[in-house]
Amino acid sequence: MTDLAAILSRIGARIAEASDRGRVADYIPELAHVDPARFGIAVALPSGDVLTAGDAETGFSIQSISKVFTLALALGRLGDTLWRRVGREPSGFAFNSILQLETERGIPRNPFINAGALVVTDAILAGHPPREVLGEILRFIRTASGDERITIDRAVARSESETGHRNRALAHFMAAQGNMVNPVERTLGTYFHQCAIEMSCVQLAKAGRFLAGFDKMIAPSRVRRINALMLTCGHYDASGDFAWRVGLPGKSGVGGGILAVAPGRASVAVWSPGLNAQGNSKLGTEAMEMLAREAGWSVFG
Amino acid sequence: MTDLAAILSRIGARIAEASDRGRVADYIPELAHVDPARFGIAVALPSGDVLTAGDAETGFSIQSISKVFTLALALGRLGDTLWRRVGREPSGFAFNSILQLETERGIPRNPFINAGALVVTDAILAGHPPREVLGEILRFIRTASGDERITIDRAVARSESETGHRNRALAHFMAAQGNMVNPVERTLGTYFHQCAIEMSCVQLAKAGRFLAGFDKMIAPSRVRRINALMLTCGHYDASGDFAWRVGLPGKSGVGGGILAVAPGRASVAVWSPGLNAQGNSKLGTEAMEMLAREAGWSVFG
Amino acid sequence: MTDLAAILSRIGARIAEASDRGRVADYIPELAHVDPARFGIAVALPSGDVLTAGDAETGFSIQSISKVFTLALALGRLGDTLWRRVGREPSGFAFNSILQLETERGIPRNPFINAGALVVTDAILAGHPPREVLGEILRFIRTASGDERITIDRAVARSESETGHRNRALAHFMAAQGNMVNPVERTLGTYFHQCAIEMSCVQLAKAGRFLAGFDKMIAPSRVRRINALMLTCGHYDASGDFAWRVGLPGKSGVGGGILAVAPGRASVAVWSPGLNAQGNSKLGTEAMEMLAREAGWSVFG
Amino acid sequence: MTDLAAILSRIGARIAEASDRGRVADYIPELAHVDPARFGIAVALPSGDVLTAGDAETGFSIQSISKVFTLALALGRLGDTLWRRVGREPSGFAFNSILQLETERGIPRNPFINAGALVVTDAILAGHPPREVLGEILRFIRTASGDERITIDRAVARSESETGHRNRALAHFMAAQGNMVNPVERTLGTYFHQCAIEMSCVQLAKAGRFLAGFDKMIAPSRVRRINALMLTCGHYDASGDFAWRVGLPGKSGVGGGILAVAPGRASVAVWSPGLNAQGNSKLGTEAMEMLAREAGWSVFG
């Protein structure tokens, strides 16, 4: 554990020096003014300890990382019937592509691209009031992280809604193809709010413990399957690259956060707001790569 | 180990009873008359033991499983410069799709779709005589499996060449885009022969030991990366499904074989000639799923 | 002219006997209960005469035929600057495809596919109140046909709005790519109303006289260009087939109407509600083909 | 006719001054060293007269313009059964795209993109010796133009064959999908030779007289249909633009030639070697546009 602390501090030092920090997402105005110099990392261990470096207690918008939690919720509620509405294959396209929806008749390729995540949220909503369902999502995340302070940043949610034309296009497109159960704006509203959940690296690393197998919030067989999806689809069209470089199941968000797990060993959260060309945190990915290599964590041997 | 033997024998019994055995590949005439009732499985363990069930000693055409060995060879020779000519991302399309080559300017998505494997073979050839390079590929596989009897089935190679219009199309298309170094027919000829290598489940399971980390034929960091590619791209457009159901890195071939590894624990080969809609062995995949579940093998926790 | 009357009456008789009448569009509920047995045809001549057969005085929903009139209006107002926002090429895809919008960055291929027509309407709106712009569109059509009775069927407009998910997807998608000037719902509302304009074959044939060159509502050079677009793009992904079979510039609508012109000779409107696989009136196309052949009308010699 | 001579001489003068002359095709080495300053135009009239300007007697490689003649031949021999193997719709893609072949299962969109022209040539070949079929193609063109001197430039044919990877990819791809009757290399060889036919503007304009309706080499109904195809598909993904700007059926070749017809009025050939982004002669298109406008020729009114 001394070693791990040293590794984290080395990573923090190296990231601080990086000159190319990627580009902060600017299509959601509220996210555009985050300082690209920020960086945090937190590692939750089986012992319950959480090691950190940098701004690990600072809250950021988890954005698409929320898709992991809504998927866990949806599987708990619907089981394998969910797969009638969404696939389990990497997409080969950008996170917000509408192209494949047309060729694949409104069934998104997987639950981690935007279209698929909209279907998952729509499936959880199922006629319930958005407020109630958002409460349930928050409850799930608070329980997972053991932290009741986690909330939604309503300014971010509003900002996403105002500029969310592409997600609206995806949702209406699926509605046209019969794959939306709720009124489109209701599903979108819920989705924009779930993406606007704010967490720190520490909170996120702790919330990922169930995926690392440290507690039994959900069945181990289901955990393995969510991890499989994170590994094959968690980084959009850079999922193969993340698997190659880091070797751990992970999920990124345009807020600059990444959650990854080394099964049985660690749940890790990093945050660096600048993104690479594929929309994943540039330095966050590099930090994950260093950590996995130096700690010897890889699911691949 | 007694348990494992019992698991294999249970799997053999269940597979024997299966009524829907998939469809034997018929686009290569020589493969079309293989008996769909055949089934074999072999598990190579760190101890050196190999457990089997069914027709585990019968040779079959390894086809695309050969891509794992040529990738290992190419990385050994070229290192990361290989990635200038081929990507590392799942494709989201069928194994022999030409579509993405157009939108991605002749750079195949990964080394396990046909276009990518042709590039890998072209990279190994690099002006050398095909006979010599095929000798080297065979030597690599014989060393890995510790079995000098492994050979190429020339009738299958000829049959592939005669019906290989689609692979010819892929190769000429990449040549047009400047991503073929050797004369197209030379690369194709080498590729058709590498696909026609014949191995039994026992030979294949033993040849996969280096991927499971049992010996040090290639560096552990490289092994992890090849495993990552097998997990994200090893089953074409059913790679996500294989990761979800089996949870192990694997590579399939249209001859009905699958090679998978549980890092540190086992190298597994199965064979059942009938394929599913995605071109992977139908019962082979099911056998892998049963084995992984009952043995508790998964890279995901 | 006696000949022409005889031709029309022969066409009417043959169409009445047709057993396969195509399929009435059912995605707009208000259109779904139109009687598929209805058929009308009207031919406006340079002399001012209008010859008819069948239900030529019955009103129907002109739907996409309205795109010709809004294009004429938009070109009158914006001139060639319109082409910064929409292309002039056949699409190679279905009328409501969203796929090409992604690869072509929000610039629709032409003004006659739905996405392109939405851009044209958005360009005419340009901040004006929809009611005013709809008034202008109606005024244009009434002037062209010399008939003040032409109106919008508000029940159809409402029905389209309620089921218009796919058009909403297209509009939001273009908004996301910066190719919508007005609030999306305002453009959509205007578009749904323009599509719900009701006209009879007689009214429509008369409204097309300016395209046939009988009067000078707009400059001849512009007329030729609109005709060129109708010929290459007027029947979605069956435009080539219509040019091949009929040989005249034309525009179809899912209400079952088609407007076509033989420059200098005739403006023709047909109506038969059943559609073919490409979304064009099945018997309407056949009637146009008979008329063009028997009257010897073709722009191609 | 004095007017027309004056128009041609004005066009010649204006083209001579053009600074941006497009880019000479360089993917066929033999074509790459043609002087971009060359320009010719010839107009064949119903009277039998041929008016010219510039290098109207200089031979150039007709390349894809040959597709019009092979289509006429194939229709004469096979009639409408040809359409089982090739479509009649604009493609929406580049001339040598392989993408649509995959989604449309080996049936090219139209006979004027490369894949479609290969099918047409394959249909004419139908087991006959290439030499014989090339003789027939030459005979057809010589008869049409009334000029026995027209021949194939074998150096160009060889150059095309050596660099024809993309056409090879198209042909093998269609062979894989069952849409090639002859051995692939035989069809390709014939195709490369037909493209290498050398003609001058005068010869080409005269060869197009049957399309303008001046003689009865083929039935008028068939002429109209070939013209329809030229208008909708004759300039690849700039066909809509050519219809819009010029308003005449035409076919371009990468040698810089364009053949267009004003039915009943004129058959026109232009030549300027530099191409625009869509692979059509840049100044040739501009010359056609000036001529059509000044002579008042348009099929659209």
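In this document, chain identifiers A, B, C and D correspond to the written order of the chains, with residue numbering beginning at 1 in each.
Going forward, contacts are C-beta pairs under 8 Å (C-beta built on N, C-alpha and C of every residue); 3 or more make two chains touch, one makes a residue touch a chain.
Quick caveat: nothing in here was measured; it's all calculated off a predicted structure.
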Shortest path length from chain A to chain D (each step joins two touching chains): 2
Those chains which touch chain D and also touch chain C: none
Furthest chain, CA centroid comparison against chain B: C
Distance between the centres, which are taken as Cα means, of chain C and chain A, whole angstrom: 46
Inter-chain centre distance, chain B versus chain C - centres from mean C-alpha coordinates, in Å: 54
Inter-chain centre distance, chain A versus chain B - centres from mean C-alpha coordinates, in Å: 32
For chain C, residues contacting two or more additional chains: none
Touching chain combinations (by label order): A-B, A-C, B-D, C-D
In the complex, chain A residues that touch chain B: 87-93, 100, 109-110, 211-213, 220-221, 223-225, 227-229, 231-233, 237-241, 243-244, 247, 249, 261, 263-264, 293, 298-301
Chain A residues touching chain C - in the complex, by the definition given at the top: 97-99, 101-103, 165-166, 168-173, 175-176, 184
